Structure formats: structure tokens, C-alpha cells
Amino acid sequence: MRALPAPIAASLIGALPIALIVGLWQAIAMSGIAPPSLLPAPGTVFTRLVQQLGSAAYLDHVATTLIRLFAGFAIAALTGVTLGVAMTGSRWAGAVIAPLVRVLAPVPKIALYPAFILTLGFEDASKIALVVADAVFPILLATSQGTAAVEPKLAWSAQAAGASRLRCLLTIVLPAALPSVLTGCRIALVISCIVVFLAEMITSTDGLGHLLVRAARSFQSVDMFVPLITISLLGLLLNAAFNALRRRLLAGFPEAD
Amino acid sequence: MIRPGPTLAPLAACAALLVAWEIGARLAGIDGLPPASHALAQIPAILGDPESLLHIGASLRRMVVGFALGVAAAVPIGLTMGRSRHVAAFFNPLLMVIYPVPKAALMPVIMLWLGVGDASKTLVIFLGVTLPVIYHSYQGSRAVEQKMLWSAAAMGMTAPARLVRIVLPAALPEILAGCRVGLVLALITMVTSEMIARQTGLGNILFNSLDMAQYDTVYAMIVIIGALGFVLDAAFEWLRGRLVAWAEPSHPIMVGTT
Amino acid sequence: MIAIASVTKTFDSGKGRRHLALADISLDIAAGEFVSILGPSGCGKSTLLYIVGGFIPPSTGAVLVKGERVNGPSPDRGPVFQEFALFPWKTVLGNVMYGLERRGVGRQQAQARARELIAMVHLAGYENFYPKELSGGMKQRVAIARTLAYGPSILLMDEPFGSLDAHTRTRLQNDLLDIWERDRKTVLFVTHSVEEAVFLSDRVVMMTRAPGRLKEVIAIDLPRPRSRATLLLDRRFQDYVVGIERLMDEPAQEQHR
């Protein structure tokens, strides 16, 4: 282990429990406690997964899910950051938005899904709307808290140098709050993955969530696990990719997190 | 910044939302968006109907059981993780893998194993609750000052006793923060699992009325669920404030989902 | 140059409590004067500085600079803070160029001027470093260069050397005097070090503890340019320091102009 560079060693150690889980899974499947119709062996599932990843039809579904996910996340990020910055920059905006957020934050947004269906239809729009509803809150909160916590002397230094209040807010305070904002975005990204999948399960038309429900209806247990594992892997991948992006964006910042 | 301000502002916000809904619905004039007044009028009908109450009661029961079991399992694990590097190293990657998995999405899989009854829904809620509670208990436990524990050890306390009598109270603010998130997730997971696997419960009433085009009832249920979420969260925050009045105020929680 | 007229400042410290930070401060500062504001912690000296800078408004009274009332930050009053307040995502060059860009100076010119200033504060070669890679003393040099870049006629320095070790502190004091001798800007310098105040200033303004009032104003009649080595052995310097320290221990006297 000592010969390997630190990040690789860390990932190997991290992979250990996952390997253990898969091992446990394999052991249970082999022992016959659970019949293969209930718990297919990991080998079967992964073979099927690889097979599906080569199939155009499956990839179509994956693409559909991803498009909804990214669309929802992008809208949520734009809205969340804008509102968060507005809350810090304008006391009036803060006074209006803060109580609204306080009321809406603990409401399970999934309960709004039927309303979205009724107003936006069964297809993409309602699913994207649900993603936005769930993802916007972590981003909004992170941005508003992060910008409010920026050391006022940074803003003062910029204003003394000649920056207007608005310019200062957007080009100094917001970048200074970037660590916080990006953390909120990362949380929102994972939430987006989860929510889009669930929406696709509830109104099953297409996408990965739909595939799980379709397999469940025809009792195809292997085909149930495949989309589930796919979305989880996607979530992990996006999380890792986002972390890498975050490190690059925060090059100059001292390591606070 | 969001502060726990006077109750006037949230009430005003609620009122503003309802008014905006009413006006927007009347202007839009589509069947799919009944005005707020129509929806609210349905609420007494729902709450007065014994069958609905049975459904709602069943939902709440599952949620409470799932939450209680989740907390009971998660707190010891989190506390131990905080004090033992090995336990932490073991569980951490596992939790990171489980984090992006939509717990409610496990419903069909779990239903395969446990059938369509209460057990599968409660299990899913249990899974949803454990993650944030473990995480927060872990963080809270980690932050407990080593010197406090050394003093306790010097006084003759054994390791398990230290865990219960020093680490637990000291980590309590953070644990309760995790429980708050867990409670919100319990509600969300409960509703979602009932939407996916409909037999009984709030989610079931919701989608039944959707299927039967009883739009007023749909929106009335949304309001009921929303109010439930808000009330539960507010009640828990009040309880938390009483229990850990001695702690410094924590940051408002970034509410997650599923 | 600067006329502080009957300035008071009260802060709301939440729960309905109000804290009187400054009580009726009146002071005139001539152009080109180096004035130190000396006092114990919490006496409001930084608050006074921020009011002169226009970063916070006075509760009553006003500050006039060149006859015009201060009502906001301006490039004519450049701050230097104890915490440096550098923009962490910008390099040294980026930080120093900031004020120049805000004044509309072209990129090429701004870079050239910034490099000049960086060399003047003895940081040539560090242009592409990020603040987090610099020591405290170096960060403060960057902060000074950044402020000088937009050419203020007044420098407002808030315990700028307070978080530095003694050796770095004396070096920066000497460097500051060197820079100041070039164009003799008006300087308001907040400190709680008696030695520092006497060494640097033409006048030392002493404040009482909160609520801050003017206790005593002492003119420092020592020749310039000042050398630390010489002054430390100079009887007059020692008299000033001892005398002021004695005054600091006494309870508040009546106000002096």
C-alpha cells in the first residue's frame, strides 16, 4: 500500500466494504437461502448490466433519465443561486424569500408531484419540475448562508477599490462563497438523481425508473436490479466528477472543508 | 440568511402562497389546477371520513415505527464510528455507496422479499432514516473533546459507560440535527413508497383521487401532507430546542430528500 | 483633509440591547498627516476608522473629507485590514490589478503598474502566487500594494501588523514609512501598540474604553525620516512612549481637540 500514491490507496481501502457487500451477496445467493427469483447472484446481475449497456434501447432510457436530471439540476442551480444571492444582497428580498423557504422546505416535494402531473402532463416537464422543486432548496440555502458568511472586509476592499454594490455582490461575494455553493450543488446533484428515478417509477413512461417498474410487473428480478444499480453508479460517478470539478474551481481557496 | 424568526413571517408566507394559488388557478382556468378554496374545502371531508383516517393512521404508524427503529439502530453505530477509527473506516465507504441509492426505489425489490404489507414500507422508511442519523451521530461523536473522555476515564468510567454518559449527551445536539433530517426523510420516504406501491396510506389516497379525476381531493391531500411536514418539523425543532438549550445554535439544515 | 464632526455610533446587539461604541468624537486631520489612533481593545477605534472609510454609517454626526460628506466607500479612502482580506481565488497580480481595472485602466497598463507596485513592496517574483501560499507578512504587503494601486489620497489602516510576528512587524513598519515618504498620503493608523504609534506618527490620538471618547491627542515632535535603530536609543522617543503608556493606565480625562 505504501508504494501506491495516496488517492489510489484510499480508493482501494474504500472499495473493501463494497467488495465485502458483493461477496456477502454472492454468498447468500449461492447458499440457497433466497431463491434466484428473489435474489439473483451478483454475477448474473452484472452480466445483464454489461449486456444492457451495449443495447441501444437501454441506453435510450439512460439518456432520457440523464437529460431530465441535468435539465432539472441546471434550472435548480440557476434559480437557487440567483435567489440565494438576492437574499444576501437585498434585505427586502431576504425578508420575502426567507419565510417562503421556511414554509416550503419541510414539505415533501414528492407530494407536489400529482399537481405537476395535472398541470404539466405525464411526460418530461412534470418530472423536471419535481427535480427542480427538490434540488433548489439545498442550493438556495447553501448560497444564501455562504454569501452571508463572507467576511465583510472582502466586500469593503472591493467597494473601496471602486466596485459598485451589485458588482461586488456578483464578482466578489459570490466567488468568495463558492465553496459553500458548490457543496450545496453537490447535494442537489445527488438529490436530482434520486428524484428523477422515483418520478419515473411513479409515472412509468420511460427512463430507468420505468424499467425497474416494468421488470417488477413481469417478475423479472434481474432486470429490476439492473436499473437500480445503474442509477446508483450514475450517482456515484456524478458525485466523483463533481468533486473533481470542485477541486479545480477552488484552486486558490485555503482548505477549509 | 434564514433565522428562526417570529411566527408572523411564515404565517404571512403561507397566506401569500394560498392567495397566489387562488388567483393563479382562477386565471389559468384549467381543470388540473383547482383554486385553493375548492381544495381546502375538501379537507374537512377527508379528515371526517373514517376510511381516510384509517389510511392516514396507518401511514403515520409506519412512519413512526420506521423512524424509531432507524434512530435506535443508527445512533449507537454513529457514536461508535466517531470514537473508533476502524469502525468508521469500515462503515464510511459503505454509507457513501448507499447514499445515492433511492431508498424508496428499493420498494419493488423489498416487496419481492417481504410482500405488500406494512413490513416492506416500514423497512424502506427505516433505511431512509438511518443514513442521516448515522452521519450526524458520527460527526457529533467525533467532535467530542478527547480531554473530556480522558477525565472520565481517569475517574474510572469504562469505555461503554463513557460512550453512553459522556459522548451521547455531548453529541446530542448533532444527533438531534440528524434526527430532524431523518424525520423529514421518513415522511418523504413514507409518501413516496406509498405512491410506488399503493395499497393503503396517504400516497394511496393521493393517487387514487388522481386516477378518479377528483382534482379537488388531490390538492387537498397535498395540502394535508405539506401541513404534516411543516408541523412535524416545527414540533421537532421545538423539542430539540428544549432538549439542548445549552448548545450553540446550529446552521439551518439543508433539507435533503429520499 | 478629514473632519470628524461629533460622530457617535450605537450598535444593536440583538435582544433589544444597544451598545454605545463611540461617543461624540470630533477630530480634524490635515493633509499629509500620519495619525495613529491608540486605545485598549473594544474602545471603538476600528469602528471610527470604518466610519471614516464609509463602510458603516455614523449614528449621529458626520465625516467630511475635503469638505464633502462621506456616505459610502470610495477609491479616495483606501483600507488595509488586519485580516488582509485578499481575494483568495485571484493571484497576487490579480489582487493588485483589481483597483486599476475598476478605474478603467487597460489590461496591459494595469499589469505593468501592478508589477511596479509589487516590486515596491518587495514581492517581485510572487506575481502568480495565490494568497494561501504566502506568509502573513507577504499577504499584508499584497494588501498594501492592492490599496495603493487605485491611488487613494487617504490610507485607512486597521491594525495592519497586528497578526504578524514582531520581526516581520518592524520590517513592515519601516517599509510603510519608506512608501509613505514618497508621496506623503494622509494616514489614519489604528493600533494598540504604543511604540508603533509613536514610531510612525505625527500625532497620536488616544481613546478611552467603550464608549470610546477622545482622551488625549499628543503631537510627536521627532524628525523624519525616522530610523528604528536611532529612535530606540533616543531619549525623546522613550519619553513619549513612557508618557503615553502612563496616560493609558489613567482613567479618562476631559476631551481634548
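Quick notes on this one:
Letters A, B and C name the chains as they come in the text, with residue numbers starting at 1 for each one.
Everything below uses one rule, namely that a residue touches a chain if its C-beta (ideal position, glycine included) is under 8 Å from a C-beta of that chain, and two chains touch if they have at least 3 such contacts.
Owing to the predicted nature of the structure, the values given are computational and were not obtained by experimental measurement.
Looking at which two chains touch through the most C-beta pairs, you get A-B.
Comparing each chain's Cα centroid with the centroid of every protein Cα atom identifies chain A as the most central. Here the CA centre of chain B is 52 Å from the CA centre of chain C. Computed centre separation for the pair chain A/chain C is 47 angstrom, with centres defined by C-alpha atoms.
Separating the CA-averaged centres of chain A and chain B is a span of 19 Å.
Note for the complex: chain A touches chain C at residues 151-154, 156-163, 172, 175-176, 178, 250-254. Residue ranges of chain C in contact with chain A, taken from their complex: 50, 53, 55, 72-75, 77-79, 81, 83, 85, 87-91, 98-99, 102-103, 130-132, 143, 146-147, 149-150, 152. Listing the residues of chain A that touch chain B in their complex gives 13-18, 21, 34, 38-39, 87-88, 94-95, 98-115, 117-119, 134, 137-138, 141-142, 144-145, 148, 184, 187, 190-191, 193-195, 197-198, 201-202, 209, 212-213, 216, 221, 224-225, 228, 231-232, 234-236, 239. Residues of chain B that touch chain A in their complex: 1-3, 5, 9-10, 12-14, 16-17, 30-33, 89-94, 96-97, 99-102, 104-106, 108-109, 111-113, 184, 187-188, 191-192, 195-196, 206-207, 210, 215, 218-219, 221-222, 225-226, 229-230, 232-234, 251-252, 254-258.
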